[in-house]
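These notes open a run of structures that come right after.
Each of the two complexes below includes chain A, the first together with chain B, the second together with chain C.
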Partner chain A sequence: MRTKIKFSSVVGFLVLVILVVPLLIVIITSFGEESAISFPIKGFTFDWYANVFQQPDFVEGLKMSSIVAIVASFLALVVGTPMVYVLTRFDIHHKDWFQTIFLSPALIPEIVIGFALYQALVISLQLPLFISLLVGHFLLCLPYVVRLITAGMMEFDESIEEAAWMVGYNKLSAFFKVVIPNIKQSVVAAFILSFITSFNNIPISLFLNGPDLNMLPTSILNYLENNYDPTVSAVSVILMIITASIMIIAEKYLGLNKLT
Partner chain B sequence: MKRSTVLLLYPGLLLILVLLILPILQMFLPTFTGDQFFLEKYFNFFRSSGNMQVIARTLIIAVVTTLITLSLGLPTAYWISRLGDRWKKVVSIIVLFPILTNAVVRNFAWITILGKNGVINNFLMQVHIIDKPMTLLYTNFSIVVGSVYLFLPIMITSLVSSFGQLNFEVEEAASVIGARPMIVFFKVILPQLSVGMLTGSILVFVGSLTAYTTPQLLGGNKNMVLATLLQQQSITLGDWTSASVVAVVLTVIAVLVMTIMNYGTKLLDRRNAK
Partner chain C sequence: MANIEISDLSMSYQKGKQILDGLSLDIKDGELLSILGPSGCGKTTMLRLISGLIPIQKGTIKVSGKDISKVPVYKRNFGMVFQSYALFPHMTIFQNITFGLKRRKLDKKEIEQKALDILDITGLSNLKDRMPSELSGGQQQRVSLARALAINPSVLLLDEPLSNLDAKLRIEMREEIHRLQQKLKMTTIFVTHDQEECFAISDRVALMNQGQIEQLDTPQNIYKNPRTEFVARFIGYENFISKEWAESKQWQYHKDIEGKLLTIRPENIEIGSGENMLSGKVISKNFLGNYYQYLVETEIGVLKVNTTEDQSSTNAEITLNFPEQSLIELEDK
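What follows is the complex of A and B.
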């Protein structure tokens, strides 16, 4: 008994170290004075952080990635929540079939979605890149919304809604005044997870960005192809700070276990 | 009343049809044409040994990544599930943080570690174990390292949730009647975890099968996988039909693997429920 516990704690502890150390190295290298990334670092400077904000691709990318993530998550919630509500609340024929279709964007490799949308929306339909990009990220977010809202609806006590009907709410106002407040936590969790997923996405944005439409992760990828300096470490640290802030917000309002 | 609520399903259905299914079909259909035979493009694709190498590399990396994350994830998840509440929370934050951090950041970290002037080579040269830097980066090895780093937290998370449902009393009972720890682990614990292991493996296998960022950053130009081949054929070479063939092959493999493994999970679920 004891040997096994020892074995698993040794492996577990080592795994945690492996998970943390690479990110720590990135944080440390962002302060090095040398123009090529080196570890251990020589000197100490904040210059690379200043340099991040002098890269128009990074600044514009941060803005664009945030906008796209917010709008796409919002659209996925607006489209997804009523769908899930109907699917979980009423007896629908071919329920599994609908569920599969609503989750289907998660079945197809992201890079294939980006590629197919580029051909269909940008080339064939001549839609603006921004709209096509939003479509791609909306599809990316939808399965997360479907999964999390379904879980929320399962926990929601139907009789509360029926009570609201009885005291004279019509179905629409009962949905907004009774159902939504009761599944609020799942809605917020779905929004946060969709936001992170969209904000971090590369394969879909890869095909749907252009000279005037930079997303932050693809901009970093492009920058890395030609440069290898601590600016990348600095922008990585900024991304880690964003992740940490989102986790703190999520922990405060939901509890982190809602996100997994 | 009921009929009108069902109508709420149709806008979403229509959106997915127009924005996802039709574009995918538009990409699929032209690949099934040829001068002599409708599968001609696929014959040509599979006849090239370079392409077969790419497929083999993609599959092998996905299999190896899944096996490594599984064997590191199992003891880790076991350890986490037996921690006290306070430590459990700290550890789950450490596991969750990388999942939510951008893949570029996580792969870039390994460039700084595995590169010619990276942490490992610098260290080994300073202590005089080697006198020339080793080639660690831009190899199949570095893709696997990056993929394991990327997917290990996801594997741990799905295993921890299935450890949460584990019946520890059976384990104690087994050791009370004298079963050795290793036997308890393989005969008592593992079977209860099979569903969690499969769920985690699906996520990791399909994730690394279709991953673009890791092979792009850590694999270099020589070590192509299907996702980077798709990007090269389309964006770099502008050969949209060949790229579509790659996209179809990648999609079919991914969907096939997911369907088979999901079916396996369902079978196991049913067996465990009995």
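What follows is the complex of A and C.
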């Protein structure tokens, strides 16, 4: 028993070290004065953070990534929630097929989705890049929405909805006035997870970006190809702070168990 | 108010299982009718068909002479109390009760007045600003009843409303339902699997089995004169005797319907002599609180005999008497 506890604490400690130490190094290097990333750092400066906001690619990327993440998550919710509602409430033929289809984007490698969408939407259908990018990120977000809303619907007692019908509400108004307020937590959780997934995605964005369409993570990648200065560390820290603050807010209002 | 005429109602699932099988039933205006039966007999399905929560496949339901088969659930104006209470968790008790009223063409003052009246007659006035999660099961079910009554329904439907409550609350709540039903003279259908709670408050009882009504009668008549073996067993008749055998012994029994089987309650068999006698040996004796139960081995099998007093002991040879009025003939099915 004692050795088991020892073993798991050693493993836990190792995982923490492997995960946290590199991140700590990134954070530290973002303050170094030297123009190449080096560790340990010499001197201390905030210049690289300032530099982040002087790079049009990063500023535009941050804007574009946020817009795409918000719009894609929103679309995934608008499409996914009613879909899940129908799948959980009604007896539909081949229900499990539908469920698999809606979850499948999570099973296909993202780089394949990116390439396939590039082929189909950009090359063959000549759709604007922005639309194609949105479609890609929508597909990325959909499985999260499906999973979380399904879990929320399962917990929700069907009779409560029936009670609303009985006192005079048709199915549509009952859905908005009774179902949605009671699965609110799942909806918010789905939005946050979708947002973070989309915001941090590279493989899909890589295929569907262009001269005027840069996402923050791909911009970082592009920047790294030509430069190896602490600006990259600084922008990584900013990315981490954004993701972490969303997680912390979510945790505070929803509890972490809703997000996993 | 309203009377309900159900005719030839059938329902089956895709897999071919017949849930309701050509069921017909008339419910009078202002009557409290119970649908009693074991789980799976179709009683809940029947209530859901009446409520409109599931569509009618075959047959018709008329309320006050009007066919409601095509009327959607939200336009039927029926009150329903669910087994799981089903209160709106995100609303206060007051909002739960006014939710249905808001859907009707009433001004704010009228809605408030109606809600306060309902809260008053259901004894919930002091809870009106609480959330459902802060209430006990009994209080929640009371709110559920108040919410159903608030819309001034033409029919009140109760789907096993007492089965999630503990024994004491169950009695209290069923008295409450009965009191309100009498006060409002509301046509009520009460679905339950509990014989006692159904007998206590019903005007009539429809005992269901396998999608059909086995017997429709007053609680007293069902109790005293079950028509079929199923009904008899369901309401506590445990001894069954072949009529052919009884006639060969020239036994006298209560003749009402024609069949092959006679039945008698364990508490109606007497130890001692009388008109219809049979001897046997006590093989077991159990004290069950307000009565003793003997298992008596006889030439027609083991019989159950309940007596209020300790009258014999294990292995004793005794004589049983079957009083004529308590020995009931059953219909074949």
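Going forward, the second predicted complex is superposed on the first by the 260 of 260 C-alpha atoms of A that agree within 3 Å, B and C clash if a C-alpha of one lies under 4 Å from a C-alpha of the other, contacts with A are read in each partner's own complex, and residues count from 1 in each chain.
Here is the rule we go by: a contact is a pair of C-beta atoms (placed from the backbone, for glycine too) under 8 Å apart; a residue touches a chain by one contact, two chains touch by 3 or more.
Worth saying up front: this structure is predicted, and the values here are computed from it rather than measured.
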Side-by-side fit of chain B and chain C on chain A, or clash: fit
Partner chain in contact with A:124 - chain B first, chain C second, else both or neither: first
Touching partner for A:144 - first (chain B), second (chain C), both, neither: neither
Partner chain(s) touched by A:169 [first = chain B, second = chain C, both, neither]: second
Touching partner for A:102 - first (chain B), second (chain C), both, neither: first
Contact breadth on chain A, by residue count: chain C or chain B: B
First (chain B), second (chain C), both or neither touched by A:181: second
Partner chain in contact with A:195 - chain B first, chain C second, else both or neither: neither
Partner chain(s) touched by A:160 [first = chain B, second = chain C, both, neither]: second
Touching partner for A:12 - first (chain B), second (chain C), both, neither: first
Touched partner set for A:83, first chain B, second chain C, both or neither: first
Three-chain overlay, closest Cα atoms of chain B and chain C, distance in Å: 8
Intersection of the chain A residues that touch chain B with those that touch chain C: 171
Residues of chain C defined as touching chain A within the complex: 51-53, 72-75, 77-80, 82-84, 86-90, 99-100, 103-104, 144, 147-148, 150-151
Residue numbers on chain A that touch chain C, as the complex places them: 157, 159-160, 162-171, 174, 178, 181-182
Touching residues on chain B, where the partner in the complex is chain A: 1-2, 5-6, 8-9, 11-13, 15-16, 19-24, 26-27, 72-73, 75-76, 78-80, 82, 89, 91-106, 108-113, 117-119, 122, 149, 152-153, 156-157, 161, 175, 181-182, 184-185, 209-210, 212-213, 216-217, 227, 230-231, 234-235, 240, 243-244, 247, 250-251, 254-255, 258
Residue numbers on chain A that touch chain B, as the complex places them: 1, 3-5, 7-9, 11-13, 15-16, 18-20, 22-23, 25-26, 29, 36-39, 79-80, 82-83, 85-87, 90, 92, 98, 101-102, 104-105, 107-113, 115-117, 119-121, 124, 135, 138-139, 142, 171, 196, 199-200, 202-203, 206-207, 217, 220-221, 224, 228, 232-233, 236, 239-240, 243-244, 246-247, 256-257, 259-260
